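One chain, subunit A, appears in both complexes that follow, with subunit B as partner in the first and subunit C in the second.
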Partner chain A sequence: MKHGSNPTDMSKSNDSQMVNNLPQRHRISWIWRLVFQVSTIVGIITLAALLYNILNSTFGYIVIETKVDPTSLTSSSLPVEELTKEQLITILKERISQGAFRTLDRQMPFDKRTRDEVYNLVWERVIKPDVKVTYSLVDSIIHKADIEATVAKDYPQAKLVFRSWLTPRFITTPQASVPLFAGVQTALLGSLWTIAITILFAFPLGVGAAIYLEEYASGNFINRAIQTNINNLAGVPSIIYGMLGLAIFVRSLEPITSGAFLGVVEDPTTANGRTILSAGLTLAILVLPLIIINGQEAIRAVPNSLRQASYGLGATKWQTVWHHVLPNAIPGILTGTILAVSRAIGETAPLVVVGASTFITFNPTSPFSKFTTLPIQIYQWTARPQDDFRNIAAAAIIVLLILLLALNATAILLRNRYSRGLA
Partner chain B sequence: MNLTLQNFMSSISTESPSSNGKYAIEARNLNLYYGSFMAVKNVTLPIERQKITAIIGPSGCGKTTMLRSFNRMNDLVPSAHSEGEVLFMGQNINDPGVDPVEVRRHIGMVFQKPNPFPKSIYENIAWGARINGFRGSKSELDDLVERSLRSAALWDEVKDKLQQSGLSLSGGQQQRLCIARAIAVKPDIILMDEPCSALDPIATLKIEELMRVLAKDYTIIIVTHNMQQAARVSDFTAFFTMDEDRAGYLKEFGVTTQIFTYPHEKLTEDYITGRFG
Partner chain C sequence: MEEVTHNATSAMNAKDSTTPGLDLRKKPRLSEALIQSFLFFCGVFSILTTAGIVYELGKEALLFFADPKINLVEFFTGTKWQPQLYHFGIWPLVTSTLMTTFFALLIALPLGLSVAIYLSEYATSKARNILKPILEVLAGIPTVVYGYFALTFMTPFLRTIFGRDVVEIYNTASAGLVMGILILPLISSMSEDALNAVPRSLREAAYGLGATKLEVAVRIVVPAALSGIAAAVIVGISRAIGETMIVALAAGAGPAFTFNPFKAAETMTGHIVRISGGDLSYDSIDYNSIFALGLLLFFMTLALNIISQRVVRHFREVYE
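Right, the complex of A and B next:
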């Protein structure tokens, strides 16, 4: 600033080397702000499009034609919905072949089946509804009149009903070959079992390895090599882990993963080791590097002053780790585990290789059961040519999203509980 | 006080104070290294019992490294190693057979920045006793916590909120909590690494008063940048400086009043009069 110049006139008081470029600098900040906003908005639009797509397929009008008119089934005036179990069994006996009836009875004796199961059988085997056309949610709302006119003209026999493919029945029914009767219970339970085994193995192993690498391992060549390899493993394509799982758990450890070592092989088809246990262990090694890396980050973030304070009181290494490092790192470790488990839930490719079943209607009952999982189920349904399989795939996607949200919410609650204990 | 508590206390300071001659702890021809870098060169420093010894000197002259060699905290730095002896209770604590965990139980430490555990005030004090094998009842532990907090002149301020987090206290209170935590395990020596550098003058004054009281029972070694503080609280002063290779060494050691009034060395005089450092 030169002597004699007016100190309040800042733009002129700068000397010649300092140009007044403040407006330009503000413009640049504004442009960058805009860039960041646009990236956020693009992300939100993508997510919204995804949700729109799913919801569009989950609800909407469908056109149903039945082979047999349900009202013709009974002589009484009662509609088929209100018949007793015995009446339903009689209908079944009359309308399907004796051989087919015996087969059903062999699969599960009729006196053990509930009334609802028999009722469903009557629909599946006798009434045989057939979905002719399905309409998306948006079409159903906007072009309602058009749809009604077209259906009345093209399918005079059929009924037009508004259907939500996502119902409580959808979640509590096992897989079936007809979309109208199919449910995701088998796949949902398969996913839960698999994830439970994944967490059971990956969490303690991952946290243990993270503690060792951060607190115990010295910086020698071997430990640095291990560290580098773990970082690289986190980026290996999941199908490779599937092949690893196939080689190790399904083939080499077959006596263990099939349950043969405990003498609990469920049925001959699981004796080859293609069980929930194999799937869970495969996903566990898939997410292990993620849990280790996130765990290490969390442990590294624990202030060193805490460790020093602990050592200064005459604490051993283990006492320091157990009483101070771990409690302070656990919120971060849990966050990392949430991310890892979320990834495991959505994995499809490795489970295809390990041998998820393509079509099973029986719920898994132990780690040694055959299995399918939600993403596998969705993948198979979307691969079908019929329209109505796409609808149940969309409904299953919603179930998968809800499952993910529920798991994340649980983990966040857990994390908050631990964090509160600290501050 | 009943029997269990007494057992605990006596087990913590088993050896009698007379086993190391007249000194609480003594460094003899001590060299300290970080990798190949020599941080402290050939220091011989005897520390008197139940006195406060201040270590002063310019930045980077190895004061803190020297202090941390008294309870083997330098072990936590992977590249650090030492030559020479640190005699405590007649034994060189750097001997391979000596357990550093045992050493640190007898020689406590208070750090530059207050670092209470993120636990309750009560737990901050009780934890040290528990991990060191305290087997008394709940009321005996309560007693230990109360006496430790009283010794650190903190009891009246926190007696109604023992279950609150140690982090909810002010900086000065946190530092006194750290001192209470250190004396709860009944150490022989307390090392203080610039304990007041993060505190305001009033909190500093409280800690200094506390140190004078504690010196009746404990041997205290304090590193400080504040020469007035050294002059106010310490009985002995060790002046460190560094040579042309940046290795710290002991330039002058003596009674504090002598160091601050008639220093033998020109360099000491220059430093305490503020001409360098």
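Right, the complex of A and C next:
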């Protein structure tokens, strides 16, 4: 009984003991305070570790072995980088087989390709660089001498280069099968297209539902059911929405989502409803509860006196909502929507289920194109066992995080601007 | 605005042309009714979504269970999930799901609670203004990034601590621990809200009786906010069960009935993603089986969410 930890025991029998133990109690209090503080710091350290881990893989030394020495390609003294398109085509013609050259020409005629594309082809097909080893950023800085020695011993043919995997080129080139030449343009555009469709559907529906629930709905059974249902939907795992999208948009509504009803099927043998439209609609359903809940909060924050004043002047319900409630609620609604959208941009699982393409190198051109998005690209690259795929995955993560950061900054700016205008 | 004046004048005209005396009855307005029905549709859409989930998942799951080769008893008791051999026992997938969830809670529960107590009871408002946004950043990072983190940081970390022979490249411990970091902000912010809702007078009374800061926090505030904290934990569990990308990347591909956290084992969500990410033909038993899994997952998380709402409603201490 004496050492019982039950609080009621303490208060009954151990009053005098507690007083006598005052220094000890303060010590315990102080220790626990430290524990709480450390826990909070652990959270911050994890965030730092996460960012460190990503940056560490984005930059660093790599060992490259080339099949053909780039300087041996040209008779002139010009390096490959400065050759014209025609000269590059000649090199390609000389170095690769007739059949391979013709296949390339058939995929896209050479006079239609830009110089940069031909230049990349020369690298991919002729010079064929091969990444032997990659080092992390920290290794590259601390153990520079060691790395140089090891590489000189193990790979006498190879070149040691410091490489940043995140370059402007990385953002503007489409996907490729070799990490050295791969980029995220296809995925980035895929993400933007998908998100545009998501907003197009989710914003009006979500705001409409929020207005209905806050301004129109009476407390009857249906409306209470709607409210409970929305709260529950917000907790449904995202992968379930992916399966819903697969069953409804990809399979049942295939004639619509593949574009067949408009007669614009781009590649009838492959798309099969696994299009940007399906992906965007799936994400729209996913973020709808978030937009509704945030919208409701914003509308609820509008003071009732505004509504009463408007009614008092003889305005109808919709006039009151449209001219008085919405303009005051819009900063909150927009902020909520942008937060929901940034959730959608990061979603991966539902899109894998809906059927993102594993490998496409061409940009999306319409809602009926096949798609891949940034998170999907990161997922596929991370899942590969090779080190250099991890590196481009890290670079792609940075692109994604910057995109999210930009969105959130926009949310804050928008909110500040609107609220100033209305004050 | 124009509309308002227009309506006002038309109302006046109407009054002039008819009998004297104001007609104060509400006039039927077509556009208002149209708008209201559109808004009602928006609200009902969410119910359609739920209905769609239950219907579509249920339909495919029924097809799965209707298959003569599927044995319902085996599904719920079997310890082998090998679709090629027509073994559909759900336990390998459930145990790995429970294991990752367990590890997630192992991290998120003590840390999340400590963070919540620190932020609500100890931190100065200045510290809180810095710390809270940082934790919110943690909550806003896409899950696929956490998957990358688990695979390239946590797994090598565990392997250096416990040895490369013990820890496999893909394992449930790594996935679970990183998942804990993911749900930490969720648990901490929900718990903090609950702690903040405890009225100040309770704290002051305890201080007045000579309690230390810790005693106030642990004996007074936490018990008073227990319903909110419990709800936060339940929502955290539901989130951990449904989490997909971390386990898809770090927990391993291939169902395995094991309780060893350092071995690869596929969870329910991981299995759904792997099967649907491959070349999947509709109306195959594989396709139907993932819908059966999805339906189970849906009901598990739904039940947890409903329980958490009930907990809040029934056990909340109401202070005036």
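The rule we apply is simple: the second predicted complex is superposed on the first by the 380 of 423 C-alpha atoms of A that agree within 3 Å, B and C clash if a C-alpha of one lies under 4 Å from a C-alpha of the other, contacts with A are read in each partner's own complex, and residues count from 1 in each chain.
Basically, a residue touches a chain if its C-beta (ideal position, glycine included) is under 8 Å from a C-beta of that chain, and two chains touch if they have at least 3 such contacts.
Bear in mind that the values here come from a model prediction, so they are computed numbers and not experimental data.
Residue contacts after overlaying the shared chain place A:Ala315 against subunit B and subunit C alike.
Contacts of A:Val352 after superposition: subunit C is touched, whereas subunit B is not reached. Of the two partner chains, neither subunit B nor subunit C is touched by A:Phe362.
Within the superposed three-chain model, A:Asn232 lies in touch with subunit C and out of touch with subunit B [touch as defined at top]. More residues of subunit A lie in touch with C than with the remaining chain of the pair subunit B and subunit C.
By the touch criterion defined above, A:His323 lies against subunit B and subunit C together after alignment on the C-alpha atoms of chain A. In the superposition on chain A, contact of A:Ala393 is made with subunit C only, not with subunit B. In the superposition on chain A, contact of A:Pro375 is made with subunit C only, not with subunit B. When both complexes are overlaid on chain A, the residue A:Gly219 reaches subunit B alone and has no touch with subunit C. Within the superposed three-chain model, A:Leu306 lies in touch with subunit B and out of touch with subunit C [touch as defined at top].
Common to the subunit B and subunit C contact sets on subunit A are residues 313-316, 319, 323.
Against subunit C, in their complex, subunit A makes its touches with residues 7, 19, 25-26, 28-29, 32-33, 35-37, 39-40, 42-44, 46-47, 49-50, 53-54, 57, 204-209, 211-213, 216-217, 222-223, 225-226, 229-233, 235-244, 246-248, 251, 285, 288-289, 292, 313-319, 323, 342, 345-349, 352-353, 355, 358, 375, 378-379, 382-383, 390, 393-394, 397, 400-401, 404, 408. The residues of subunit C lying in touch with subunit A in their complex are 1, 3-4, 7-8, 29, 31-32, 35-36, 38-47, 49-50, 52-53, 56-57, 59-60, 110-111, 114-115, 117-119, 122-123, 131, 134-135, 137-138, 140-149, 151-153, 181, 184-185, 188, 210, 212-215, 218-219, 235, 238-239, 241-245, 248-249, 269, 272-273, 276-277, 282, 290-291, 294, 297-298, 301-302, 304-306, 309. Interface residues of subunit B facing subunit A in the complex, by the touch rule stated above, are 71, 73, 76, 78, 101-102, 104-106, 108-109, 111, 113, 115-119, 127-128, 131-132, 165, 167, 178, 181-182, 185. Within the complex formed with subunit B, the subunit A residues making contact are 218-219, 303, 305-316, 319, 323-324, 328, 422-423.
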